[in-house]
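After the structure tokens below, expect a handful of questions from me.
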Amino acid sequence: MEAFVFYLLATLILGLGIMVITARSAVHSVLFLVLNFLLVAILYVTLSAQFVAVIQVLVYAGGIVVLYLFVVMLVSLKKAPELRSDSRRVARTGLLLAGAVLAELIAIVWYTSANGSAPPAQAASDFPPRLAGDAMLNTERLGWVLYTEYLIPFEVASMLLLVAMIGAIVLAKKNL
Amino acid sequence: MLEITPLHYSVLSAALFMIGVIGVLVRRNIIIIFMSIELILNAVNINLVALSDQLQNLIGQVFVVFVIAVAAAEAAVGLGIIIAFYRNKETVNIDEMSLMRW
Amino acid sequence: MDFIWLIPLIPGIGAALNGLVGVRSFSKRTAGLVATGAMAAAFLLSVVAFVQLLGSAERYHKVTVASWIPPIPLETANGIGSFEVPWAFTLDPLSGMMLLVVTGIGLLIHIYSIGYIDHEPRGGVARFFCYLNLFCFFMLILVLGSSFLVMFVGWEGVGLCSYLLIGYWYKKKSASDAGKKAFIVNRIGDWGFILGIFLVFFTFGTLDFREVAVAAAALPVETAAVGFGVISLICLLLFIGATGKSAQIPLYVWLPDAMEGPTPVSALIHAATMVTAGVYMVCRNAVLFTHAPMVMEVVAAIGVVTALMAATIGLVQTDIKRVLAYSTVSQLGYMFLATGVGAFAAAAFHLMTHAFFKALLFLGSGSVIHAMNEEQDMRRMGGLRRHMPLTFATMCIGAVAIAGIPPLSGFFSKDEILYRTFLHSPLLWGLGAVTAAMTAFYMFRLIYMTFFGEYRGPAPDAEGHGDGHGHAWHGPHESPRLMTWPLVALAVGAVFAGFVGVPAALGGSNMIEHFLEPSFTVPGAAHAAEAAHHYEVEWALMAFSVLLAAGGILFAYRNYVQRPEAADELATRLAGTHRLLTNKYYVDELYDATVVSGSMSSARGLWRFDGGVVDGAVNGTGWATRASAMISHVLDKYVVDGLVNLVGWICREGSYGFRRAQTGLIQNYAFATLVGVFAFVTWFLVGR
Amino acid sequence: MLDTFVIPLLQIAVLVNALLVTVTFLVLMERKVMGWAQARLGPMRVGPYGILQAIVDPIKLILKEDITPANADRFVFTLAPIMSLVPALVVFSVIPFGPEQPYYIADINVGLLFIISVTSIGVYGIILGGWSSNSKYPLLASLRASAQLISYEIAVVMTLVSVVLTAGTLNMIGIVEAQREAGLWFAFVQPVACVLVFIGGLAETNRLPFDLPEAETELTGGFHTEYSGMRFSLFFLAEYANIIVISAIVALMFFGGWMRPFPNVEALAFLDLIPGWVWFCGKIFFFLYLFVWIRATFPRYRYDQLMAIGWKVLIPIAIGNLVLTGIAKVVL
């Protein structure tokens, strides 16, 4: 059951990913991207990370991709970018190289798995915010860690978002 | 094969990552390149969440939250730049964005 | 009498008003009124102070206004002394008399100036009155100052004002030259004066006149037997200062040139007040001088020689003001003669009477010049007594007074001097008497050439060609009342001033001598025993000098009224002497040849040294610097720059290859990153 | 197998069917109430008092020809209504009709976040529907709609956060239970939040007075102008489902959900005779009626006024409310 769900989700995620980068229309790309993200969110749920899953939907699907959709619709293209090409492009080589890297990575994973040196199911981590079996506590614990251990990074992230917001307004507005 | 280990998630993550990389390398529409970058970030997130579950440690999920925050910032500023660029050049072809070349 | 510090201050305020505000915004009349008002106030205060002085038992009042130089420990002959100078003013009989002279005559001359200076532009008038008031300010400080240093402030201040006023018409080259000459010559005298002050402090540890006098009185008199001591040196140095300020040999040359200034200035500064400062200073230090008899001899000798020499020059001068200038020098010589023989009171007395009649004569001559439209040459005057009777009358009184005809003031003061000189040395008396005869001659020569005979001046111009003042000159005319009334006042003074010093021989009591006595002695000193009075000798001397004066007058009358051509005949007959006198004994030329050209040539030498050696060294250094700089330039250009350029060249040539990598395509960069990832992962894989 | 698949599927079937039937009758209610409000009778022909109109309308829509515009993006054009309706229905999976198992489908610990995130997906349907029609007015309407949705979503989420702070949980049942423990509906604890969420809900469902994306006078019908037949009815369903969702959320979070009024007052215990889900449905019905009532009463805002209200009034108030709630939470 678990394996079935995983393979189904993995197949869909990879397939949608490929469709994202191969779709002709940018709008279709965006659509596939949304679906991809929703499926990733479901994957998170299976990994008992409900909060992250919800955030994934709320921020990625509900926020960032909407932004992409807006931009795609605003940038109405008179000529598709793919029609013109620069001779110095390295697309084909890049494709091959990426495939090679992927193969290598899989080889590494395979090799590791074959040697049985997979990380132990219960790592000897004594760090306090351990995930309890009770999923109810996931959000609370995450909140606790974010607001104690990672308070300063969290605040820095909020400042980053503020700066990004102002920057985006300055960049995109015609006359301030 | 029926037992799902973090290695499976790692392979999934690597594959999604490479799909994103290929998108960055191949596509010429800069918006799609940005979306490919989002795919890459998601690949990383999958890995983080999977290992967080495996190690029963929340730090992975904390980092996912930060990655999402950074992704949001990146998307906002990046798309702002695209809009500004498009307003001046009427194009989103990355091959034509080579003003800083010698 | 505590208010005496106000007396100098009021003219000072007047000067400040005129100088700071007046030059820009006062009308001519306002400027004159401000200055004259300040002088009137000062005069009134002076009168009050003098009356109080007369009424007080102790004839010495010192008022300390403020501290000036705080106590500074300084080396003196008697160990470490405290150098402290307050702003202190002294009122005693001598300064009181000078106070009245300065403020009184000053006031009259201010009034006169209002009329005289009327032709000047508005700002010039204010400037003139500013200088005039400033002069009075400094002069009063000089007179009232109770220490050498305060006096020196006034001393230098009047020198400055003298310079400013001589050069009042600064656009005229001769005027500004004369100003400079006066200033520079005075510097030489000031050098002596200030050395004397240093020595005074070093010797006595104080600069206060009274304290110095008391200290000096305790020291022995430095007669020839004792030797030339420190007091003699002090006195000599002080006397050098006096010769500068009071125009004595050898520093008299500036005074005749100073006549370039406006006539009221000549009257006030160069006749009545400033030039007598030297005499005043010597009188002020009478105790010191009486302790240095050898210097007294020098003073007397210088005085009489100056008197004689100036009188001889005065015989042949044709410029009306120059005659009076040489006369002034001559009369100052008289005063120094008097101080030299110990007759300080007589000197002061003559100073006072001289102030009256010489101021009168100068103002009269100013009136004449004014009437003649700035003409000063007597040969172009004549017959003016019909045109300007009041000037003629007052100037006659002045001339009679200076000639020494009784009972006018000059007679009493001059004969007092001559009598005392005779008692001291008949030789000096002889020279003085000859001078007196010459004085009578040249004064009446002046009167006759100016007021008698035919009019020889230029014709009045009907159209009024440019005379610089924008109005036509209608021929000689009497001056306005503002100018004539001071003449009258001074004439009254010239007539009656002498009566304060009627000698005992003529039934008087010589009040002024008794009055001034406290200033020339130290308190508590025993009164010098009354010299035995030789009334017969005195009467004889008086009669002789009156005869000489009358002779001089008659000689002048014969030569310039009866037979005007006789003077020229005389000049032709004594051509050599005449030329010598006309050229003032060639003293200016002598000075030019020695002092001036000496300092010029030494300056030139220094200049050459500067140009040759100093500049040469500087230029040599510069040349050396340039040479070394050139070397380092070459080094810099070919070695250092070469290295730098080499680096740049390598960078540039090297980057031709590398810049091909910068395609501007982001994907190429991403590809490079991917290559790196590939390499890294491969290494990881193979490395295992 | 029974617990994981069969029962949930049954629950879903019941709920979806009930929802769709409710929507048809909701349309009828709207027409009748509007009619009465405007001194009309409303639909009267089909059945007694026009009751059967609720059945006839869906039939008409199903039978109509489904037209796709010539230059439309066919794939997206079809996907858009689905993407619009699915989130609206998915939300109901976490809305509890009662505290025990048969009354809810899923009880997840991030229930409220789930609702918020899923409703935020709904905007895709509108944007894509407008864009894929390849027509001017639908595109404008869809841009307007998405801007409006995103703007008001911020205000609503901010406000809901303050409620979450008050309740101390994101679980929907937990929030209702918190109201029982407090003894007060949160409408009385957070009145500002209550009003804000309701206003935000009006805007998010494009209802009057914020129905600019569907302003007929300006946009000839809104983003679904080019739609017809069943695809149109999916949009239609989604909109009304969203209205029900908003009503349900307001009822749950501010009006005690399935609880009777004043659950702590023993004197009112007789009201417990009425089952909890009836109470909940009654409350939802009240808010549905309120939606219609407001539509009949208020005029429409101008678009710039709409955005100004969202950004300059609602969001600042929401933030202020959040800060005050936080302070109160710390102090009390």
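Order as written gives the chain letters A, B, C and D; numbering starts at 1 within each chain.
The criterion applied here is as follows: a contact is a pair of C-beta atoms (placed from the backbone, for glycine too) under 8 Å apart; a residue touches a chain by one contact, two chains touch by 3 or more.
Predicted model, so just to flag it, every value in this text is computed and none were measured.
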| item | value |
| --- | --- |
| Whole-Å separation of chain centres (CA-atom averages), subunit B against subunit C | 101 |
| Inter-chain centre distance, subunit B versus subunit D - centres from mean C-alpha coordinates, in Å | 34 |
| Subunit A and subunit C, separation of their C-alpha mean positions in angstrom | 104 |
| Cα-centroid distance, subunit A relative to subunit B, in whole angstrom | 6 |
| Junction residues of subunit C, two or more chains touched | 663, 665, 667, 670-671, 674 |
| Residues of subunit A engaged with two or more neighbouring chains | 51, 55, 63, 70, 86, 89-91, 94, 98, 101, 105 |
| Residues of subunit B engaged with two or more neighbouring chains | 21, 25, 94-95, 98 |
| Overall pattern in which the protein chains touch one another (line/ring/star/complete/other) | other |
| Inter-chain touch pairs (all) | A-B, A-C, A-D, B-C |
| Subunit B-facing residues of subunit A, complex | 2-3, 6, 10, 13-14, 17-18, 20-21, 26, 29-30, 33, 36-37, 40, 43-44, 47-49, 51-52, 55-56, 59-60, 63-65, 67-68, 70-72, 74-75, 77-78, 80-82, 84-86, 89-91, 94-95, 98-99, 101-102, 105-106, 109, 112-113, 118-119, 121-123, 125, 127, 129-131, 141-142, 145-146, 149-150, 153-154, 157-158, 160-161, 163-165, 167-172, 174 |
| Residues on subunit B engaged by subunit A in the complex (per definition of touch) | 1-12, 14-16, 18-23, 25-32, 34-36, 38-39, 42, 45-46, 49-59, 61-62, 64-66, 68-77, 79-84, 86-87, 90-96, 98 |
| Contact set on subunit D toward subunit A in their complex | 73, 75-76, 79, 108-110, 113-114, 116-118, 120-121, 123-124, 127-128, 131-132, 139, 143, 146, 150, 153, 170-171 |
| Complex contact set, residues of subunit A against subunit D | 25, 27-28, 31, 34, 38, 50-51, 54-55, 57-58, 61-63, 66, 69-70, 73, 135-139 |
| Interfacial residue positions of subunit A with respect to subunit C in the complex | 86, 88-91, 93-94, 97-98, 100-101, 104-105, 107-108, 111 |
